[in-house]
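Consider the two complexes below, in which subunit A is the common component and subunit B and subunit C are the respective partners.
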Partner chain A sequence: MTLATKKALTAYLFLALPLVFFLCVRLGPMVYMLVMSFTDWGLLRKTVKFISFENYKILFSDPVFLQALGNTFRYAVFGAPIVIILSLLIALLLDSIPKGKGLFRLIYVLPYITPVVAVSWVWRWMYQPPPLGIINGILGILGLPAGEFLNSPKQALPSILAVNVWVEMGYCTTIFLAGLQTIPKEMSEAAKIDGANDRQVLRRITLPLLMPITFFLMVMEGIQFLRIFTQVYNMSMQAMGGPLNSTKSAALYIYQKAFTNFEMARAASASVVLFLIIMIVTILQVRFFDKRVNY
Partner chain B sequence: MGHRNQLQKLAKVLPAYSILLFFSIIMLFPFVWMLSSSLKDVTQIYQLKLFPEHPTLENYRYILFSANTKFPQWFLNSVIVAICTTASVLFFDSLVGYTLAKFRFPGKKIVFFLIISTLMIPTEMLVIPWYAMARALKWVNTYWGIMFPGMISAFGVFLMRQFMSTIPDDLIDAARVDGLGELRIFITVVMPLVAPALATLAIFNFIGNWNAFLWPLIAASKPRMFTLPVGLANFSGEAGSDWHYIMTGAAVAMAPLIFVFLVFQKQIVKGIAMTGLKG
Partner chain C sequence: MLKRNNILVVLLFAILAFTVSAQTVTITYWQYYYESKVKLMDELIQKFEAANPGIKVEQVTFPYESYNQKVAASIPAGEGPDVINLFYGWLPTYVKAGYLAELPTTDFNKSYFDKNFYPFVADSVQFGGKYYSVPTAVRTLALFWNKKLFKDAGLDPNIPPKTLEELEAYAKKLSKYDGQGNLIQAGLAMQPTGQGHNWIREILFRQFGNTPYSSDYRKVTYADANGIAAFKWYTDRITKDKVGYPNFATDDVTAFKSGKAAMNIDGSFRIATLNAVKDLDWGVAELPAYKGIKSNYASFWTHGIVAGTTGKKLDAAIKFLKYITSPEVQELWLEKVGELPANPSLAEKYKNNPMISPFLKGLAYAHATAFVDEAGQRTVLVDAVDEVVLKKTDPAVALKNAAAKEQALIDDFWKQ
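Up next, the complex of A and B:
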């Protein structure tokens, strides 16, 4: 046996178990899911029949699913840009101060690493109607009208979205700050010698150089908000995505279809739809930003 | 002169500091309010006071030691799940990363592409087939059932491959000349060389597993098998208006993470900046 064959054999020996894992726990289930979305599979059913696009037809005529899709888009379309703008602002401020950068960054990262379940319940407590909730207490002191927050179909979704913004900000700020620190100081100094003011330096040098990172974060946060589940589960009454389905996300819809109603095939088709949306959004963002990112 | 200069400098950074301070308060306040609420008893919980008049540890006694809650069991479950999956991820991710970085074999590109492509699949898509699988194999309500989807992480493989490629080939070849077996080389020579990367991967994986919710929620239906987040969600859903207990439970679920965070803050911040935390 040559050395090359021996090494190749060793390689496959090392890879054997992991390959089995990736085939059986990742790719296999994905294919299984796709196939099952075209059947009448249910946990309570003994036999499985092929029914073509029937699940998808029913899915898109289900007003609850359409509402969940709309909510999911709302989370992503408002959530991702808000996170990115806020954390860019904070990163720029952090980069400009002489002292205390590390401490501030630490404070901003804290919500990102704590369990979302715990954080959701803390916010739910703070959102309580008067006289229980602290936020309404503060609004009262400031002489502002009380908010209904999680109890109102209009305010519940923005309230949950705000919590996710609060969670994700530390992540984006850290990455923006790391990006800012890679920009050579000589560039902005040279521009200033040439007579550029702070605003011009920001617009013509700093922001363009941050474009690749902004694009990366847009994709990451877009996906993050499209997949929102834990916050909605823990911040709505009985984990139902209410009031009146106003906060229900696609992921929660899938969970309920599969594990409350045991309509596995219907849930499978919904998760294929969510997967396609995530794919399309990612590809669109890559296309859109590709034109602007490269300098 | 010097004074005036300093004053000008201060005037320039003051707005930045005030905005940063304002956001810091928003970031920290929920934690402070949680802690404050957890120290109030049922007669004080509805008073909107930051510092309770008569702080008490009674809630912690109830959550941790009374027979009415299963928090200690859930805590133990979370520790077991997080430690076992992290150990497995460290071993297998670095093994695969090492093989992909340092071995030449037919089909290498296909293997790499296959593993990387799984990064695109969101968990939401996989939980239903995982559940069908766990039911068929009687893995529901077992530790293995909660852990098996996280035993290897494609993201970690990608990360470790990057680090493994920086190891000089001479070092590995020298160990071969010394007659060491391939697995021995990997464990005694290669793994110590990437210890810093392993530490980062370990911290992130531990945090990710400790906080995981969707799959543990599905994989365990019996309360004694709940992980801490699932237990907390369940407990809080049933606690109704016992907010002093809910906030104490939340504080208990957060405590280990805040500890890990304070000890490893440098690695965590560096790691996020390098790669991003969530897989």
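Up next, the complex of A and C:
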């Protein structure tokens, strides 16, 4: 055995450990979940039997599940692009200021490093109707009518979405800033000497060079918003995803089916559906962006 | 020789120790974490162990939110308790899932329950004609009112409303609004997720001349003209009078505790909570009557023996169950937890206590809903109120939808 093979074997040995972990903790339960989604497994039932696609049929005839799916799409379709656009704008602004960059970056990243549960509860209190909520207090002082926020089936989802946008912005801004710093200054300087204005530099140089990062963030944020759970769980009354299921996400639906109703198989089938959706969306994003990212 | 003697002595001790430990049987008791109940149970266990040498009881508690999860995960795996505390509304689910053992008929039978408990108890602890659990205490609803806010509104702080008409008028007088018309003090807390859904279900429906369910609780019958009138009366307080609305000041209990709600419908279990609030001057009265009809909702936590408990453990579990439901413990429970004795002749002793008598009077005409899916059935009525309040759905339509949804839940339970 040569030294090179020995080295390689040692490396494989160390790499095998996370692989074992991945197989046991990730892949194993996923396969188990897929199998169980074709049974009637429930903690309140003594026996488990195979019922083929029955769970999926029930799932797609359950108006609450369909509503949860719709809500999940709403979170992702509005949430991810808003986060990307806002944090790109902020990153560009931060990149152009000569002083205090560190301070502003800290301010923007703070919500992201704060525990989500704490963030959710603080916002839940700020959204309270008068006389308790601070937002409604300010609206009142300004002579504006009180907002219903989390108590209205129409406003509750955007209210929760706004909080999540605020949180995720910290993360995206940091990544964008890092990306901006990798762009060689020579390029924009050369362009400017050739007579390009700021807008042209932005459109022709900065944005195209940020494309790989934008793509990465788009995929990550898409996934993040598609599996939104903690915010909804903590910001809706009694963690129900209300009012009237208007904020319930697919992940919360899965949680409730499994741990309130103990319908494990029904929850497993909903998980499979959510998994497929996230996979398809990610593949589509890869296809769409792939052409634009590589030069 | 000496050595051999030593060995003999050691052996003798070993045998002795073994037989002693073999005689000690340990049983486990589970309940959810509610401070006053957990502390009292620790005391009770000490007394029980002193009176019953050879039996050890271990108390394990879980947060209320995850209690059913623990039960569902542990009992089927054979790792659950021997004696378990459960809400009476969960009993059908527990029995169907095979968690609970039928109580021995020699000790717990119809005459035992008829003699020692309020009549609704026997109905609620049986399933399919078999008895599965015994309660220590029961709870009913009553009207809580804030005496200071009554005074501020120019009402006599010692005279609470006695009828629904009075309740309606008082609530209006007690409500306060800011310059933009936002409610800042609720005349009456309107919280369907609290006790509100029970108030509608077992009290308002009946007071308006409706019977909400068939006698076996398998048919939902509240969506008739009378039921709709009752439901509309409730939602009108929110949409027309604007004396309160769901989640105002977080919820009804928080609103009442912080003096943001002048009246609330709540249970006897709240007495201890409210007593702990400083500077809150409050009273409690029988639920307001309507057209001379009084009704109330009774509920209770109850103790059962887990299926698969056998031999000495079963004997010990039965002894423990008998002890924690004994008259002696029921009185301690009232004193330390604030829940009413489940034994009517015991409760009789407290009929002149102003804090307790409104709840006791309520027991005489109370109904205990036979839930099959307590959380699901609660959500149905809560959503119906939300439909009216938030989406301006016609109360009649909302209630009819609710009845259909609840019927589906009930049918689903009995079908399987």
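The working rule: the second predicted complex is superposed on the first by the 273 of 295 C-alpha atoms of A that agree within 3 Å, B and C clash if a C-alpha of one lies under 4 Å from a C-alpha of the other, contacts with A are read in each partner's own complex, and residues count from 1 in each chain.
One rule holds for everything that comes next: a contact is a pair of C-beta atoms (placed from the backbone, for glycine too) under 8 Å apart; a residue touches a chain by one contact, two chains touch by 3 or more.
The structure presented is a predicted model; accordingly, all values stated were derived computationally and were not measured.
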{"item": "Subunit B versus subunit C as contact partner of A:255, first or second or both or neither", "value": "first"}
{"item": "Partner chain in contact with A:238 - subunit B first, subunit C second, else both or neither", "value": "both"}
{"item": "Touching partner for A:45 - first (subunit B), second (subunit C), both, neither", "value": "second"}
{"item": "Residue contacts with subunit A in the superposition, subunit B compared against subunit C", "value": "B"}
{"item": "Partner chain in contact with A:131 - subunit B first, subunit C second, else both or neither", "value": "both"}
{"item": "Which superposed partner A:280 touches (first subunit B, second subunit C, both, neither)", "value": "neither"}
{"item": "Which superposed partner A:152 touches (first subunit B, second subunit C, both, neither)", "value": "second"}
{"item": "Which superposed partner A:35 touches (first subunit B, second subunit C, both, neither)", "value": "neither"}
{"item": "On subunit A, the residue positions that both subunit B and subunit C contact, one per complex", "value": "43, 128, 131-132, 238, 259"}
{"item": "Residues of subunit C touching subunit A in the complex", "value": "68-69, 72-73, 76, 93, 96-98, 178-180, 182-184, 193, 245-250, 260, 375-376, 379, 383, 386-387, 390-391, 416"}
{"item": "Residues of subunit A defined as touching subunit C within the complex", "value": "43-46, 128-132, 136, 140, 143, 145-146, 151-153, 237-238, 240, 242-244, 259-262"}
{"item": "Residue ranges of subunit A touching subunit B (in the complex, touch as defined)", "value": "4, 7-8, 10-12, 14-15, 17-19, 21-22, 25-30, 32-33, 36, 43, 89-90, 93-94, 96-98, 100, 104-119, 121-123, 125-126, 128, 131-132, 134, 137, 166, 169-171, 174-175, 177-178, 220, 223-224, 227, 229-230, 233-234, 238-239, 251, 254-255, 258-259, 264, 267-268, 271-272, 274-275, 278-279"}
{"item": "In the complex with subunit A, residue positions of subunit B that touch it", "value": "13, 16-17, 19-20, 23-24, 26-28, 30-31, 33-34, 37, 46, 48, 92, 95-96, 98-99, 103-106, 108, 111, 114-115, 117-118, 120-133, 135, 148-149, 151-152, 154, 157, 182, 186, 207, 210-211, 213-214, 217-218, 228-230, 232-233, 236-237, 243, 246-247, 249-251, 253-254, 257-258, 261, 265, 268-269, 272-274, 276-278"}
